[in-house]
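Note that the chains take the letters A, B, C and D in the order they are written out, and that residue 1 is the start of every chain.
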């Protein structure tokens, strides 16, 4: 089946006053992809993710290049236009699950608010869809619908955030380190959930992480980023088995692996 | 970074001038501030009387200088005592915690629920008008703020790992307080103190204005404003000059306070 | 390479209950031998950090006993706790929180040596009274240029700060260092260097480690023996070589599955 | 509801303590109250007269009896008589309280009219000219003695233009200058607090998530940002209402505005203790009510407190 390109970023540069945060990056994400953008802190991966949905803080701006979504360049869209894409075509989940929901509004109310903003379904229809979306992420839908965020655990909150993100069946789900703040067990379940939802909805996942171990199991494409530049990218199998760039090799060797027990880790970075 | 060093020089220079006036006021004042000369009443600004004379013929310039000593001097005294009482109290209560801390919090809450002006007025009411009673009243109001600040700084730092590290090294509580807590507390207290001086000066002036602070003929800025009330028509400058002096001094300290707060925030944020 | 025999740390049926009745640490017993690294792996809430704080006498324990070089650490009163206590040091997860932002690096580094005059670390004997020289040597041992001694913590990176903390931990040549998630907040490349440094220091100075982390791979890399904790209890214990044997506890197998992928 | 009950109990205890303190203060105050009572009218008085009055008023009874009697009379709204006017303190206060409350309320309105728009704009347009303007306004406002500002108003409006009355309080015009003076002074403090709490709310993670969901800026501001910063704003408002009351004392004296503040200052100068004591209790009651209202707003605004029963941050 021909690959429909969902997102195509070309020659994107983002600046903070004079300093370059991200320099002429190229990447493209097709329907059904799990595209992993890997980089250490300060590599500019989160800034790239934010730029896609136009969520850059005021002092950062996309100096040049284009972000094509379904053929439309988002960079020069006005805020009012871009807003229509957020939540419907592009949706986000963040590392800090506490910050996904407004603390003094019930989870159900926030789901309802989003549906009211982007659709004109009736109240009953909205409630059904909200409950259904919570069911999809394996949460006790009635209880979660009527509770506040401080009444849920970290794992539950992140699941509810995924439900919120997937409720309008976006084309692109941007996940900025969604499991970093979770236990390894809960994290594994969340990643599995995201993979299942991706298959069902057929959307693309743009996955930001600093941990290559998550990438090995779920991603099909990967890009390695360092100091605002993409040093290597391609299909996961190629990059994992024959890494070309020095930095990529060093990253792989720096991870303590369970199987081969070496006396020292390579750390010539 | 020039902006910062330029601001620092400006601040130091103004402080020096202020200190100079405060200490040397009685000597550089051309006339005796309380000496009444009815024939010299309500003179306009002249070479002889730089700021004219008031309704009793006293030289306004001399009164402003010596007035500075009362108003600003008293507020430094209040600040000093409040710090001396408040900071140790807050440090111990914050560090030791437990019952002492709970009792302390009850006292602070009681003080804090009342607006400081009201407490100062009532206290000086019971103690009776007069500068000494006013100073005492304001100290009783102000010390709580510093105790609370010291306590909150200690509480936040107490949980930090470097305090656990110090405990692991077997350092005594006293050593921990002295070596680790004091630097944090001094930073924050300095900022609060500079911002507070302005408030204290205003409080002294206001309470003296309504007759609770300095009693005539003391040359206190607030009291001078009260005396000038009757002479709007013929000598408006009598009312302008003390007001302006209060405003300038308070403005200087508020500017200094803002500067210190930004300076210390930078250090705190990074730390 | 491992020196068998002399037991540095012995913990017997240690329990710690929080006021809400939740048993944070439940009947934990373990031993650490000289020059050995014992690993403890567990999710957050498994009680591994509470155990560490109990061993460091930062928190009281409800039951059980802690022996450090056969001397009891727990039921000693404050005064006699002191000599035993200097035998144990710690490295925590967040390097920025372990250094007082208002003190220069050299003052934080030399704090243990400044406040425990009686201690004579073997590798600093010749310069015990020259504070700056000692600081420079300690920095050499952890691979930091001595110009950082006069810096303030906010001028250093996470990895550099963690090296300062490690230098401080080894400065009084303790018998045991408790490492509670020492590299969790560092990037992969920096984590590798820090783990290598810890291994080098263990070989050079023969200090025993208690390496605590949620990352089974890091624990496996550092330790000879591994303990798995869940809800305050030790659910599994094995030497590193038979980590993959099928006698492992199901929870350990789940962890293996997650980290091995 | 349990915490509110606890809070109410706490506040009643506080009031009770307050009455004891003010009673003790009255006893410990220097000067002989009986002597003040008598020689107010500059009439020569013999010692016997003072002695007989002392006996009659029960000043010679043991302290706790005096306090007990005082407490009983207190619950019958009898706070004794003012030394100066011989009128019952309750009536003296009751006649003046409405004036002070109107002044406080109108100053509060002035404060809100200035501080809320300026503070909000300063936060929304950070580091632009409106923000710097608000910073300068706050700096000047905090440096100008409020009573001096009043004097300038009198000088300008009454003396020069003769437009506004500078004395008394029968009518709207008498209210303008005092409330303007006090309102502006308070606005200067409130503007910066409002700005920082709004900035803090704007920076919250859940605001970024709301934006990522494609909600409209207007909706985000009203239902999310503003609602979040309401809690700190109300706390600051509660505190500033207290210091607003403090300010009224000075302003009432300045504009000889016949409120409770002016009364208490005269009472202090004339050592009229019953009035002072009555004022302390009135203030205590007023502050207690404000605290209770602020507490209730916490429970309403912050579900976490309502459900978990955690007391105020």
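Note that in this section contacts are C-beta pairs under 8 Å (C-beta built on N, C-alpha and C of every residue); 3 or more make two chains touch, one makes a residue touch a chain.
Because the structure is predicted, anything quoted here is derived from the model rather than measured.
With centres computed as the average of Cα coordinates, no chain lies farther from subunit B than A. No other two chains have as many C-beta pairs in contact as B-D. One finds 56 Å separating the Cα centroids of subunit C and subunit D. For the pair subunit A and subunit C, the distance between mean C-alpha positions equals 35 Å. Averaged Cα coordinates give subunit A a centre that lies 52 Å from the centre of subunit D. Not a single residue position of subunit B touches two or more of the other chains.
Taken as a contact graph, the chains are arranged in a single closed ring, with each chain touching exactly two others.
Interfaces, counted as pairs of touching chains, are A-C, A-D, B-C, B-D. Residue ranges of subunit A in contact with subunit D, taken from their complex: 53, 55, 83-88, 91-92, 94, 96, 98-105, 113-114, 117-118, 148, 150-151, 161, 164. Residues 204-206, 208-216, 219, 223-224, 227-228, 301-304, 307-308 of subunit D are the ones that touch subunit A when the two sit in their complex. Taken in their complex, subunit C has these residues touching subunit B: 53, 56-58, 81-82, 85-86, 88-90, 92, 94, 96-103, 108, 111-112, 115-116, 152-154, 168. Of all the residues in subunit B, the ones that touch subunit D in their complex are 110, 113-118, 121-122, 124-129, 198, 202, 205-206, 209-212, 222, 225, 229, 232-233, 236, 239, 242-243, 246-248, 250-251, 254-255, 258. Across the complex, subunit A meets subunit C through its residues 40-41, 183-185, 187-188, 210-213, 216-217, 250-251, 253-259, 261-267, 269.
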